[in-house]
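As written, the chains take the letters A, B, C and D, and residue 1 is the first residue of each chain.
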Amino acid sequence: MKKFIHDFEVTLNDKISNDCFVLYLKCPVSLPTILPGQFAEILVGNSSEAYLRRPFSIYDVDYQKNELSLLIKEVGKGTLALSKLKIGETLNLVYPLGNSFSIPPGNKALLVGGGVGIAPMLLLSKVLNEKGKQPDVLIGGRSKNDILEPEKYTVYGNLFVTTDDGSMGEKGMVTQHSVFAEKISEYSQIYACGPDPMMKAVAKVAASQNIPCEISLENTMACGIGACLCCVVETVDGNKTTCIEGPVFNTKKLIL
Amino acid sequence: MKKFIHDFEVTLNDKISNDCFVLYLKCPVSLPTILPGQFAEILVGNSSEAYLRRPFSIYDVDYQKNELSLLIKEVGKGTLALSKLKIGETLNLVYPLGNSFSIPPGNKALLVGGGVGIAPMLLLSKVLNEKGKQPDVLIGGRSKNDILEPEKYTVYGNLFVTTDDGSMGEKGMVTQHSVFAEKISEYSQIYACGPDPMMKAVAKVAASQNIPCEISLENTMACGIGACLCCVVETVDGNKTTCIEGPVFNTKKLIL
Amino acid sequence: MPDLSVNIHKLQLKNPVMSASGTFGYGLEFDDFIDVNKLGGILTKACTSKNRDGNKYPRMAETPSGMLNSVGLQNKGVDYFIETIYPKIKHYDTHIIVNVSDSTVEGYMEVAEKLNPLEKITGIELNISCPNVKEGGMAFGTSCPMAGTVTKAVRSVYNKTMIVKLSPNVTNISEIAKAVEDEGADSVSVINTLLGMAINAEKRKPILSTITGGLSGPAIKPIALRMVWQVSKAVKIPVIGLGGISNATDAIEFLLAGATAIQVGTANFVDPQVCIKILDGIDEYCNRHGIKNVNELIGALEC
Amino acid sequence: MPDLSVNIHKLQLKNPVMSASGTFGYGLEFDDFIDVNKLGGILTKACTSKNRDGNKYPRMAETPSGMLNSVGLQNKGVDYFIETIYPKIKHYDTHIIVNVSDSTVEGYMEVAEKLNPLEKITGIELNISCPNVKEGGMAFGTSCPMAGTVTKAVRSVYNKTMIVKLSPNVTNISEIAKAVEDEGADSVSVINTLLGMAINAEKRKPILSTITGGLSGPAIKPIALRMVWQVSKAVKIPVIGLGGISNATDAIEFLLAGATAIQVGTANFVDPQVCIKILDGIDEYCNRHGIKNVNELIGALEC
């Protein structure tokens, strides 16, 4: 897929929780097709401390408006600067990068996201829905406040929630949710993105049930385009670049 | 004089010419007394490229409003970033720094400024006026557009102008202005700030007439508070720091 | 239109702008962003005698105005390069120079010897300065005898343009430059990365799997510029300058300091179009200053 | 409240935060901004045997996340220091350590010998690493025999705490550290500035009057951290870490890498209150991590 570099215009910077915000960005030309799981490398022009670009999954795409959005959690200097962007300011993106989630072999799929790791699942649930598949989305968080924009997923499929403190949905970790006990065999594929322990737990259940499982990795990156070899992950076929051969990997191929 | 470090609030960023702007800055506490010729070291927080503070003369002070202003010319990365500051943003200042212009022995004084070098002359003309002196201000520039906010000086004294192209005032360099030919002996002191050749020319005339002359230097600085010894100027008494022992020097003391 | 062409030994470059090894893949990664053929040359990522997996992840850390990397020469080896990669890149209408690395003198010789017949590989760059491998690498570049030995050995099996890439992690880089010049280097690249380290204070652990790594980016530009200036006064062969170059002004500073050509590394990550912008900027500078031939700028610093 | 005190040889510091030589004047310059007595110590600007005018202006150039300086040891000489400056600073309730420089071994000895009796000067820091003087300076710090010789000579005339400040412009800093340890240094400061250069491309001239200068600031932090880590493994005497420290996290990284105390240099220019902010930040870090004594952090990096 051809990659682009464009100056996008911020049309909205929507603070959706204590430390998360969604940037809506308008493309100056016609948006190319963006696949679920792909990401963009953002130049943080308004920070004196962030030198390299920062990678973020593409959260949603609106081809009609020529806009894409990013769901970002403030964790450091770059994301802090991005959180301060105002409407009308420009942001330089290199995109769309990486491979993408595959279409499930069967009809039903389970999409699991932990915290801000949910970001790539919105576009995935949308695309699966468009292809006539049934995406069930399961979001996990420490508490209610970590369950980001849940209403957006119900447009495309069922929504399940777990929280550590039980303030929303079922109490416990995602893999303790009743879908795992009751419906797991219905799914032809499982997708996960979030903290490492969560992805490992999901991968383990999937393996035990013999269900294909894809996860999206967030390795630190310098270039995002396969030029630096900094972002590698060990696979059964040797080192692979997360930015080109990932960020989506079938868990069978990874050495977890 | 005690130095301070404060976060000022931008109350206005007034673009007054193609490449010059005046920042009006409100002090969070009561402004200390600021002498004409003193300067501030500004932290350019909104630039990814300007690491050290940037020095600027204090252009004007309004003790009632608790505001001071800076007249800045965009010449590089730091001043470019400052030109983009918006109302309500904060700016960190270390101030007031340096010595100051001395009060003239007699009644009349000539204040000469070239281009943005005029900055310290506004506060000087104001203070001289307050002290019952008669400041004549002579501003030189390449053309009309370089004569910045001339109306501000006429409040405190006479205004004379020269431009290289004759588009305003007399045509020629400042030292070619008729005040030099006709009135020079009336002045008990001459002050100058601007490009080096201009200051040298003024100093030469002053010396020939035996009139005391003070100029304000713009040596590059790292600290502004006498700690680094980067800003030195050669004087007849050895190296002096421009930031503490200057920026104002009697031209007799300098090796020009 | 100023004449931008420069000569590095037998190589006539269209212009002095090249991409640095390990930061530009094999050029292909940048096809979507720029016309790679416009460059003076491209330096491929390191090529070793055998397949190397490189170091464990994490391999990079951001630092103020720079980054540390500890990739560790990951590549599939020279045979794979010749069979699989060379056919994909030989169409480029620019100089393709292979960065040659290894842990032993014999390894360097093997790679160079195998590359010698490849028509479109018009030169090699001996990397005797990689700080990210346990054996060989930087050790070759930090002593005159070692640097001389590997240069001489490779020279004996390679008859096209041989550039030697120097390590900045030395007391006296001019001496090393002279040592490799004496043993037959046709040019020197100055500089490779500086050895650095990054720590995660919260976790109390090094950020890189290798603890230390190579520092690159704008942070090192003043050091690189100084070394290019020193080396270009010490040797007669052309010097290729690199280290932190991010825009045309930086590039011109290196030319003035004595570099005949320059390489752009880390800046490619921040802006994949930066090489072309630098090229355009040099052109603009020459026009503005009435410079007809870019060679007029080389070493033209007025001290 | 964590115990922040640390020991550098015989000196007990209230806390590990000191100001670096040449960036903090004599402390007095910062009285308007902070309570200097709160610091673990202050390193005065260089003191030489005779008056020195330093280098010609311009003496500084900004660089990405750093700066170059070529002040060149401007000071009025040791006698002036003793007569005029010492009385003004001896009231400080913190360790005042004088940075001692010169062009000859005899010069170093003269300064040290004259400072020895001053009660409130509890130690000296031998600057064998200044890149900005034609003679002596860095030359002393870039070879083991030279570094050893000057250390030994000064040791013979100075019996209080003697710190030796090392140059990073060397192939192997650990060797130099061991050489000065062997000759009686009580501690080493790591690092002084890296030799760099800046050019004004439009004017085609060097920016500094001396062409090259010393690079400092955040840009060099990764290199400094690596050297502190290497040196602290090589010697038994305490290491004082510096180079680019701008906040408490930076300071903690240096402690973890093996520094017993740290110095803050260029960052004082950007924020004259930074030393106190670093001190407060170390305190906060210790509280948050349940660290009762800051010594627990020294060299506590888990590799």
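One rule holds for everything that comes next: contacts are C-beta pairs under 8 Å (C-beta built on N, C-alpha and C of every residue); 3 or more make two chains touch, one makes a residue touch a chain.
This one's a predicted model, so the numbers in the text were calculated from it and none came from an experiment.
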Centroid-based (C-alpha) most distant chain relative to chain A: B
Inter-chain centre distance, chain B versus chain C - centres from mean C-alpha coordinates, in Å: 47
Between chain C and chain A, distance of the C-alpha-averaged centres to the nearest whole Å: 36
Euclidean distance of C-alpha centroids - chain A vs chain B, Å: 54
Set of chain B residues in contact with two or more other chains: 49-51
Overlap residues in chain D, where contacts from two or more other chains coincide: 61, 63-66, 217-218
Chain-level touch network, classified as line, ring, star, complete or other: ring
In contact (per the touch rule at the top): chain pairs: A-B, A-C, B-D, C-D
Residue ranges of chain C in contact with chain A within the complex: 22-25, 29-30, 32-33, 45, 53-54, 56-67, 69, 71, 74, 217-218, 266, 268-273
Chain B residues within the chain D interface of the complex: 2-5, 43, 49-53, 94, 219-234, 238-239
Partner chain D, residues of chain C touching it in the complex: 61, 63-66, 68, 142-143, 169-171, 194-199, 201, 204-206, 211-212, 215, 217-223, 225-226, 229, 244, 249, 252-253, 256-257, 285, 300-303
Of all residues in chain A, those that touch chain B in their complex: 45-51
